[in-house]
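One chain, subunit A, links the two complexes that follow: it is found with subunit B in the first and with subunit C in the second.
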Partner chain A sequence: MPKINLSRREFLKVSGASLFLAGLPLPGFTKVKPPGTISVIMLEGGMDGLTAVPPFGDPNLSKMRKGLTPDNYLKLNSFFGLHPSFQYFSGLMAKNNASIVHATNFPYTLRSHFEGQNLMQGGGLSPFSETSGWLGRSLELAKLPGRSLSLDMPLILRGTDRNDNFYPASIRSSGNLKTKLIDMISMFHSKESSQVFKKVSKKSTQKDSIVPRDPASLAKYAGKAMSQEGGPLSSVIKVSQFDTHSNQGSDEFGRHGKLLKLVDEIIAGYREGLGDAWDNSIILTLTEFGRTVKENGTWGTDHGYGSAGFLAGGAITKSRVISKWPGLAENEQFDKRDLMSTIDYRSVCAACIEKSLDLDHDLIASKVFFTPELPRVYDLIFS
Partner chain B sequence: MKKLYLLLILSLLSIKGFAGECPDGSDPVQSISDDGSYFVYKCGSSNSSNNTTKVDQTSTDSDTSSQAKRKTSSVDSNITIYDVVFSPEVLEKLLSLVVIPTDYDFSKHQLAKNVKDIGCRFTMTRIVYDVIEEGSIEGWNIAEGDINIKGSNVEFGKHARWRMNGLSTDPSYFRDEVNLRLTENGHIVGKMAFFLLSTNQGEIPRNPLYPTLTEHKRSTPIDLNNIKKVNAKLFIDVEDWAGSVMYISSCKYQ
Partner chain C sequence: MNEQYRIAQKLGLMFFHDNLLPEDVKAWAISQLHSKSPALGIKKLSLYPKSKPKEWPKLVQPNLLERDNMFSTYKENRKREEMGLEGFTSQAAIRDNERKNLMGELDQLKFAHRNVYGEDQVKLRFTAFWANHFTTGNIWDNQNHIGHAIDEAILANLNGNFSHMLYKMTTHSSMLTYLDNCWSCGANSQTAIWAKKDGFQAGLNDNLGRELLELHTVSPTAKYTESDIKNAANVLAGWGVWPGRLGGDKLLSTAQRHEWLMKEGGTLDSWNFFKKTHAEPGTKKVLGKVIPAGKGGLKQLTDFLASHDHTINYISFKLAQHFVSDNPNKSDINYIAKAWKKSNGNLDQIHTAVIERAVSSKEPKFQWPMTWLFQVVRLSGATYFKGWDEIDKYNKTIMEAKKVFSELGQSFWHERQPNGYSSDKKEWLSGEMFERRIRFADAIYTAGFPTSNPDEIMDRIDANETTRNLVNSLNSKKDQFIALMCSPELMGLENA
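This part shows the complex of A and B:
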């Protein structure tokens, strides 16, 4: 057995950096040029679609949400508006590169963050029914790798062993890391396990671990990576804290408005990073549920059902709002409290997969979402 | 008996009103009224296949312009497409929001014409204004390498590199995030990614700045009439406290 001759400081440097190294990039290269890229922005906490895209044409909106609807929304048409935080997104709508699906969500009505987030990532028939995610399964079906921009490998991307997760960090002296310990550990493992340690060793010397950590910069980095020939096809960025039970605010300076601004900046970051690859890209948001129609006693909203989904990218050639509007009157609400979801958001995800990965809808419906009868909404979004 | 006839007539009218066909034989299209309070049924153009959408006539929007509502017959007949419609003024304003940091309008400059392809060396140093007003030029290069001029286009070469660590080590900034042109009087104008501060290991990396390169009063421009003896000194304003000087020399025709 070889003698491990490392100082305590060197050992700490390696072991302390191992958590960091686990999140460094190992690009997932593709063998066949893909038709497009797909990026997901997960809005955790339950994004309020009624504030983000106020249906001002519904007479009940002003009655029920006086303190939550921004006065300075952008009129998209005679029924829907757009929150002022979406400055860049509104520009994309003007360029016919962005759309909104309203009164939509995954078919989950029990209002638990844990269950809802699991279902929106897993894409199964019930929470915690799947150990892989809908995007990972799609990439596997397309025999293409993906990449996640987060420290852990989120459920949404699990499903293919060629995925890689990455959360950029820069730890003092990590660039000069000695790989001796990694090499020695590698020697005592089987061929398969030793490959993992080789990956770690390789990651420790990669320069592109240096990326600012704010979500917009991550998006730009992801866009740049996806724009490269043979680069990754998919990325996932997570934004949390949408759970606005109190002091939600209405305009761009409120709590919810600032989060929406962050989403807007992420989309702008993707646009900037993707460059010419923007033309074949699709970016979509996910949230586990919407929020109650009525404002609560603490100037916020509680867990609900239907929300809004944002779509952007050059793959969209006509901006529109797509909705089967259920109405906001009490008898039109789900459980007399939530915005009803009238469009299964899995259909929207399926359309984006079909567009970016060139998979057949029926295959996506049955193999990715386990729902053969899942409606196809591709033409509503991309025609 | 009269009541029965009346009921029969009313029933027929009702069926005609709610489930009747359009003149072309297609089904009426359901949409939401302008005030959003009720559904309206209108006849539109017929569709040719399951995947095409029926287009309803437009309705007038008081502020902007007309809004077309369409629905598909392929998925759920009640899903409506609300087209996004902006007035010309709003559209122009919104389009200006989608800009890339290196976007620049060169129309206000007289750009160089008929310049043969030139390859030069460049160095950039930082000039700091916190002590004396005219600034003090630091004695080390923040960037260096080769720069090429083709027509009026100015591009950095393969050997161009920033020396500020962090993100600046990514060669794509010199390759992809530069939008510069040469003017006919030898100035370089436009926008580019610029690293004014260095990043030490362990520090959070800094994003680049995107200063505008102008025809600076203090600059000594590139002498296009004497390429072999070019010794240009181009000032770049970046921030209040510091900027940069780009030296261009050793030019050759390519």
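This part shows the complex of A and C:
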């Protein structure tokens, strides 16, 4: 592994969502910058692709999940609809700046949150096989010297045991951090813990930035940072609680619908924050698995396989719903319960990396996803 | 660190300045497993440190039925609020409803008190381990029950068998609501048949069945199948009741609610609540074991899983990683697993084996943020948590327990995923978490008025040279205190 020079990173966390910024070039770094930025919205718990993008053209949809499909979905084409929570996203689609990939997932079928979340971030061949993440490895391949990582950031960005993060605490009766004190503590620690205190010390000299509190402002903040000269080239926002085993709801006021609304707001936040940098940006969602086709006994859905992915950004110039629709009939389902995945979502991630970081597909396939034969879907998304 | 404090750090919560140190610290730690466990705490900040901690009054420790009733009342009042009924919509009324009927804040304070004032420190550490193993994150509907599960399903069962604890946690409201089991019913249950006829939705929810196998017992190494998960869920179908969710949109009085409970489950006891109408008829097979239909099936399943080899190996590793060393070796794990097998899951024997390995291993063990915080408070004699009488009173220097845990980034009352907190040191080495240790050491010194100064503490624990050099390199008592508590030695990063 190449040696990484670490610069700085910002860590922000608010209720309902966490933000991580990465890929910050060092000051004075002169190498040609990659052509774009890449942002990932991680949807933890398993996002229900069939609720988010209902395939109303499939006759089995209404039979199998009547209580989960919104009546007021937005029409995308003669087969697919869009959940009413995605008002902003639908506007982006109309402007040819957003696409959807449906019936897709990482090739993981065992339905464990923890294995699935590990795989979607690690991008390895099996859960827990990698200690670094696919986005981290991509940034490394793009030779971004200021890639900045931390152990408490998601695995997706990991790749080194150095870390640097900061979130201003609000603790009654504690004063400002004193650089000298922290330096002394750091000096008497050894190895990795010394490094961690060193980062805290460095941060103690910086002014606390104003931390936004809601996910949309968080995305706006990230977009703005990414639009700056020398700003981060990558960001990750994590939204959790998609695991709606019960009372999932159908429309924008239901449990799942409210979370989808949050995703819509995050994308809108990015758009606003990115400004002109929008033109070269790509944002994609990621989830560990979809949910069962049939509604379960408690007005929700259980862990499944195929789901949908949302793509947005100026890097997209033609809106599409990209899908090899597998069908919802019982014999068309995976294991007679889940939406089949017919597009390997790793290919979608690879296409977004190729576009934003200007890396060769074969390189990404072999060095990032360890799968040289990974299909290239770039043209389906970006042509 | 001297041996007594080294072991108190690894297996306990540290001694107070006036504790007599045991000569044989291993024997002490093992005897701790049988110490009495009253919930000790303080009534008012101003009374401490002069008076001795007292047991929490019964009035602020409601039993399960009272907790169920309180939560139901809370939800009913929320319905009244939504209906716009007079007396229920003002901010004062809403706050009053929360204050009277929700237990989250009080339980977190009690948890903090126990850990700061408890004379059963080793038991409390094992309690925290198991509370984490059986994570029931806060989904708001179980906020009155998380604390009850920790005290009554875990702490109260520490001297029994693992299989009993497993059963008591699996059937506890905190778990059954957290992992969505309360309305789950078998595909061929009476309820599912009625629902089908009437066009309603009813059926299985496999959330708890899956985590029971993946996280609480055998782990994925057992290579169970989707059918095993489904059958585990079928065994679980029928268990549980959601106190706040009866009656739908209708308002229910306590009497009406109790009538419903008696009709559906034949009892008011939410910890033993099985709805026959939701149960899946017929036998079920989980990992080859045939489980009979009916209420008794679950105990047979949890007993089977509790003694499964994969369960023993998986949890023995977790115990070793939590108590013995950051990188437990095979012999540590095997030693614990052997004691487990030999005693058929007797927790005293398992915990004794953990203690023996933690004592014999000279490897350091990095401590969780919450454990470290309790240890700092006990070592220094600070008074850092409000009294139970003061929960509603704003204090401008001392934060509410709930806020302390929230800023610390660790609490059993946080919303979180069912895999719980990692005991792996690597997961906690971050600037954010370390910055918080500095801030909390500062706050505990500034607002908690420690009774021991850094020099006294270093003498008492026989601090190592690194720690002394670090502390002596600083001038102010406050900086010395912060540096001491954030030293590698007191964070559990290096050997004494």
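We adopt the following convention: the second predicted complex is superposed on the first by the 311 of 383 C-alpha atoms of A that agree within 3 Å, B and C clash if a C-alpha of one lies under 4 Å from a C-alpha of the other, contacts with A are read in each partner's own complex, and residues count from 1 in each chain.
One rule holds for everything that comes next: contacts are C-beta pairs under 8 Å (C-beta built on N, C-alpha and C of every residue); 3 or more make two chains touch, one makes a residue touch a chain.
Not measured: the values here are computed from a predicted model.
By the document's definition of touching, of the two partners only subunit C reaches A:L110; subunit B does not. Of the two partner chains placed by the overlay, neither subunit B nor subunit C lies in contact with A:S234. When the two complexes are overlaid on their common chain A, residue A:K75 makes contact with subunit B while staying clear of subunit C.
Legend: residue contacts after superposition of the two complexes on their common chain; A:Q87 is shown touching subunit B, with no touch to subunit C. Residues common to the contacts of subunit A with subunit B and with subunit C across the two structures: 170-175.
Touching subunit C in their complex are the following residues of subunit A: 11, 13, 44, 67, 110-115, 150-152, 161, 163-167, 169-175, 177-178, 181-182, 184-185, 187-190, 192-193, 196-197, 199-200, 203, 240-241, 243, 245-246, 295-300, 302-303, 335. On the side of subunit B, the complex with subunit A involves touching residues 32, 34-37, 51-53, 59, 61, 63-64, 67, 72, 74-76, 78-86, 90-91, 94-98, 100-101, 166-167, 169-170, 172, 176, 199, 201-207. Against subunit B, in their complex, subunit A makes its touches with residues 55, 57-59, 74-80, 87-88, 90-95, 170-175, 207-208, 210-213, 217, 224, 271-272, 275, 318-325, 342-343, 347, 375-377, 379-380, 383. The touching residues of subunit C, when paired with subunit A in their complex, are 179-180, 182-185, 187, 192, 201-207, 210, 214-215, 220, 226, 396-399, 403, 407, 415, 417-419, 426-436, 438-440, 442-443, 446-447, 466-467, 469-470, 473-474, 479, 482-483, 486-488, 491, 493-494.
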